[in-house]
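Structures incoming, each one as structure tokens.
What follows is chain A paired twice: with chain B in the first complex and chain C in the second.
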Partner chain A sequence: MVKVIVDDIEVEVEPGTTILNAARKIGGEVVPPAMCYYSKLEGSGGKCRTCLVEVAAGSAADPRPMPKLVASCSTPVQDGMVIKNKTSERVREGRAAVTEFLLINHPLDCPICDQAGECHLQDLGFEHGKAGTRYEEKRRTYDPIDIGDKIKLHMNRCILCYRCVYTANQITDNRVHGVMHRGDHAEISTYIEKAIDNDFSGNVIDVCPVGALTDKTFRFKSRVWFLKPMNASCECTKCAGKAVVWMFGDEIARVTGRKDQYGEIEDVDGKTGWICNECRFDKKDKSKWNIEGPRVINRHSVISQGHYLTNDPKRDAKKLTGK
Partner chain B sequence: MGRKLLLEHVNVPGIETYEVYRKNGGYRSVEKALKTMSPQNVVEEVQASGLRGRGGAGFPTGMKWSFLAKPEGVPRYLLCNADESEPGTFKDRYLMEKLPHLLVEGMIVSSYALGANQSYIYIRGEYMFVLEIVEKAIAEAYANGWLGKNIMGSGYDLDLAICPGGGAYICGEETALIESLEGKRGNPRIKPPFPAVKGLWGCPTVVNNVESIAAVVPIVNDGGAEYAKIGIGKSTGTKLISASGNLVKPGVYEIDLGLSVEEFIYSDEWCGGIANGKKIKACVPGGSSVPILPANLICKTAEGTDRLMTYESLAEGGFASGSMLGSGGFIVFDEDQCIVRNTWNFARFYAHESCGQCSPCREGTGWMEKVLRRLEYGQGNLRDIDLLEEINKKIEGNTICPLGDAAAWPVAAAIRHFREEFEWHVTNPDEAQKRNFGIASNHMPLV
Partner chain C sequence: MESLSNRKKVVSNKKMSFMEKLYLPAIIGGMWITFKHLFRKHNTTKYPEVKREFATVYRGQHVLKRDEQGRENCTACGLCAVACPAEAITMTSAERKKGEENLYREEKYASMYEINMLRCIFCGLCEEACPKEAIFLTDRIVPTYFEREDFIYGKEKLVEPVDQRVDITKRQLTGKRPA
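What follows is the complex of A and B.
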């Protein structure tokens, strides 16, 4: 085990752990935001640069500071490393810069975006963004493309985190979409319009940090903060069948995977609990699900508000399920 | 003319063919290395020579080789980076076009030193005609037993292949080059792990510039110590400089490192001064990514000493008053040239060539290009200049690969040294539009 210090808090982690995961082990305020890193997807991370941290001392053996800010999601810790996240002025500046870059071409259409309320870019902008913009140019737009009847691709909102590309590579049988072109006109596309249709393709919606990939069966149905998230399970031959159903009254408005506080799908029986398309898009009938109880969304977003929940999970369960 | 190590026989007719090249002392270094030296000896010679990477960063080649991980049972690869795409640099093209066998010879010796049995030359997609020349040279080398199984009866096997890129500047970055060679999208990888540990197909890999590999040939022939005698301090040997711009005699020159910049520009032996009797206004000494130097800092440093063509002297004064030798793309501007237009042209290039993987570079290069275009076309305002400086600072150091830095430095330096010209563009938009840039009518936009 190696000892590292993140924002004056010491933590012991396995050798080879990344700085981000060491900070996540401490939890709370010292965790850098991550827009592209996804611990369940191999190879992800390093791209969005929001998780930049300052390394004030490289290691106990070589305590020189690193000259540049480093991406905490892809830099492994060394014994005796001293990391500054919230306590570093440079990091705050760097992160504000990245936030500005991510927002200059973003359409900022949160009022009509289905992701609003659970959007990582909203959180990031709220924490590190500025009120105004210095970008006077026309924002970049893309022609809409149709990628099937279940998933809506809204490329203007995309921040090119590559998560959906890794998901398609690692979870589904074959990947039919990818990043086309380069520079600021790079886009997620299927090249020759083709539906993304695969048993597990719906998971790209869960991994998308912004509203670029959303659920067509839920499109414009409701705002997420009006819904009641409930843990639910079902018998499914394709996946573990553990999901979260988002209820509007007695009806299931949408189904998603079970996400933890970092927006990542939780493990179910030792494996990542990706859910299949059938569970996600087709089982909108309450009778098909065994509702276990309310799910607490532990993020600083508006979803956690207005759940009509009490502090007693048993009472909540009774109130929400009627059982 | 000065000493020539690489371009010694460049003017011999038919030097691109094997027979003529061999008659002029070609492949001597392979014979010497394979028959009398161990791979470790070759690495030591290169270390002793003090050769520094000629692709731009100037990292000592011998040290790079010594970092190569050598796990048992895992193949090692040597890749030659012939993806020369830096605006203002054309030395590798000249070298490969005229002396393809020199590159092949260098590849054999270098691969032998590193213990690589398969090596690749990754050549720029736009250089298809050069690819044919090098391919022919490789075929000749195979036919004469310099490549393939058991070279010269030494028991050493080497296969050499050449692979064209798709024409992307970013594939000159070593990890992007590896990705592209593997058949993937040419996105730079996140380091660590470095290619010396995990490169092509996950195996230890060394990536070297064409000129660095060619320089190994004279180093092995004459010995590293002899090579190190040329040059000053840590800048040893000779360097190919691609001189372009408003010069009397632009072209590729092989110089001894340590030549003074003044001599290089004004001496009749080299570039012969500024064309049409004009005065020099600015100079980019190392390819488009390095900071631009204003007239008063080209021949003298800020402290008043002579500026020399070395890695150290050109960098003297840091970015405040210095630049970099880079890849040796020496671009000279006379008094008629517009720095704003030139800076926009560079920024446009980087915005076009950014791979779009990390956000500061993807969004920042595009933003800079748009602001500079506005300034150039007389639609800017004074706060845009400060905005550009701000964007620069935000890109620099926050990206995955050095393309972000390369995009930010020229803009930052242009504003640092030529701020008045930027302001003049804002305050005199009509006049700025009417200027003739010495290249074409002002009605011909660059787009």
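What follows is the complex of A and C.
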């Protein structure tokens, strides 16, 4: 075990752990935001640069600071490393600059986008973004295209995090979509417009940190803050059948995987709880799901607005009946 | 018991004088006061012939604005409905089809938009929340009806007609967002 200090908090982690995961072990405010790193996907990370941190001391053996900010998702810790995230002015500035870069081509169409309210880029922009733009050139634009009959791709909104490509690579058996071209021209595409028909292809929607890949069965149906997320399970032969159904009254507006506080799919029985396309797109009938109860939503999230009740049924009953 | 407020009046049973018994001086005195009021400035206006001037920030009936080209600004983002403390606003959204670009400004629009004027408290939070400068409160007064259903205003009453624009330029100046 090696000892590292993140924002004056000491933590012991396995050798070889990345700085980001060491910070996540502490949890709370010291965790750097991550747009591209996804712990459930092998090889992800190192692309978006939002998780930059300052290393004030490299290790106990060599306590010199690292000259540049490092990407915490791909830098392993060393014994005696001192890391600054929240406490560093350089990190704040660097992250604001990265946010500005990510937003260069990203359209400001949050009022239209289905991801609004649960978008990581929105959160990042809220915390680190500038009020205005300095960019004068025209934004890169594409027409929205269909990837298969259930997924919509808005290439305008894509930040090229590669999460969906890794998902297609690692959880589906043959990948038919990837990133084409290079640099500024890079874009996600299915090879020769070939539709994704794999059973687990819908998970690219869940891993997308922005609204580039969205559920066509939910497209413009509602806004996430009008829905109530409920834990639900069903008998499914293809997947674990543990999902979140987003209810509007008695109807199921959409189905997603169960995401943890970092927006990553939770583990179910020791395996990542990816859900299959049938559960995601076709089971919109309440009778097909066994609804377990409301999901715990961070009270600072817009999703928890308007839910005047707590997430504890016992306390709610008390609140309502006064008993 | 001693009065705490010291405003207690003790009723007296004193006898009235002859002049008081006549009552006429008191009646004439009262009528003189009434007569004087004829020449005073009136506190009321004769609505609807005469209309009072409203403050520029007066919050009356809502309008859903169109842009210069006559396209609806509203994109059914739902922020007004979230902001509404009275839960008066509801809407459903739809996707703009090819050929409707002259009707709606963005690719999503409100296919149904309703404000319940009985619930509305005219606080103006919807206007404040709107990111598209689509909804504004105006100096128009919501009329009265006999049926409750009539107070639920749909798009036909809320969206301004292309040929009869509602002027909200003064409001826009008061609540202008930084560029």
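One rule holds in what follows: the second predicted complex is superposed on the first by the 304 of 323 C-alpha atoms of A that agree within 3 Å, B and C clash if a C-alpha of one lies under 4 Å from a C-alpha of the other, contacts with A are read in each partner's own complex, and residues count from 1 in each chain.
In this text, contacts are C-beta pairs under 8 Å (C-beta built on N, C-alpha and C of every residue); 3 or more make two chains touch, one makes a residue touch a chain.
All of these numbers come straight from a predicted model, not from anything done at the bench.
Asker: Put chain B and chain C onto chain A via the superposition and say whether they clash or fit.
Answerer: Pair status: fit.
Asker: In the overlay, answer first, second, both or neither for which of chain B and chain C A:109 touches.
Answerer: After superposing on A, A:109 lies in contact with chain C but is clear of chain B.
Asker: If you stack the two complexes on chain A, which partner ends up touching A:132: first (chain B), second (chain C), both, or neither?
Answerer: A:132 sits against chain C, while chain B stays out of touch.
Asker: Considering only touches as defined above, state whether A:100 meets chain B (first), chain C (second), both or neither.
Answerer: In the superposition, A:100 contacts chain B only.
Asker: Between chain B (first) and chain C (second), which, if any, makes contact with A:52: first, second, both or neither?
Answerer: first
Asker: On chain A, which partner touches more residues: chain B or chain C?
Answerer: Between chain B and chain C, B touches the greater number of residues in chain A.
Asker: After the superposition on chain A, what is the angle at the C-alpha centre of chain A formed with the C-alpha centres of chain B and chain C, rounded to the nearest 10 degrees?
Answerer: Value: 120 degrees, nearest 10.
Asker: Please give the least Cα distance, whole angstrom, that chain B and chain C reach in the superposed model.
Answerer: Superposition on chain A places chain B and chain C at a least C-alpha distance of 18 Å.
Asker: Taking the stated contact definition, name every residue in chain A that is touched by chain B in one complex and by chain C in the other, in rising order.
Answerer: none
Asker: Quick one: in the complex, what on chain B touches chain A?
Answerer: Its residues touching chain A are 168, 170, 185, 190, 192, 351-360, 362-367, 370-371, 387, 393-394, 397-400.
Asker: Per the contact definition, I'd like the list of chain A residues that touch chain C in the complex.
Answerer: Against chain C, chain A makes touches at 109-112, 116, 131-132, 219-223, 225-226, 302, 305-306.
Asker: Please name which positions on chain C make contact with chain A in the complex.
Answerer: Where chain C meets chain A, its residues are 75-79, 81-82, 93-95, 106-108, 131-132, 178-179.
Asker: What residues on chain A touch chain B, complex-wise?
Answerer: 45-50, 52, 67-69, 71, 74-76, 94, 97-98, 100-102, 104-105, 134-135, 137, 140, 159-160, 162, 178-179, 181-186
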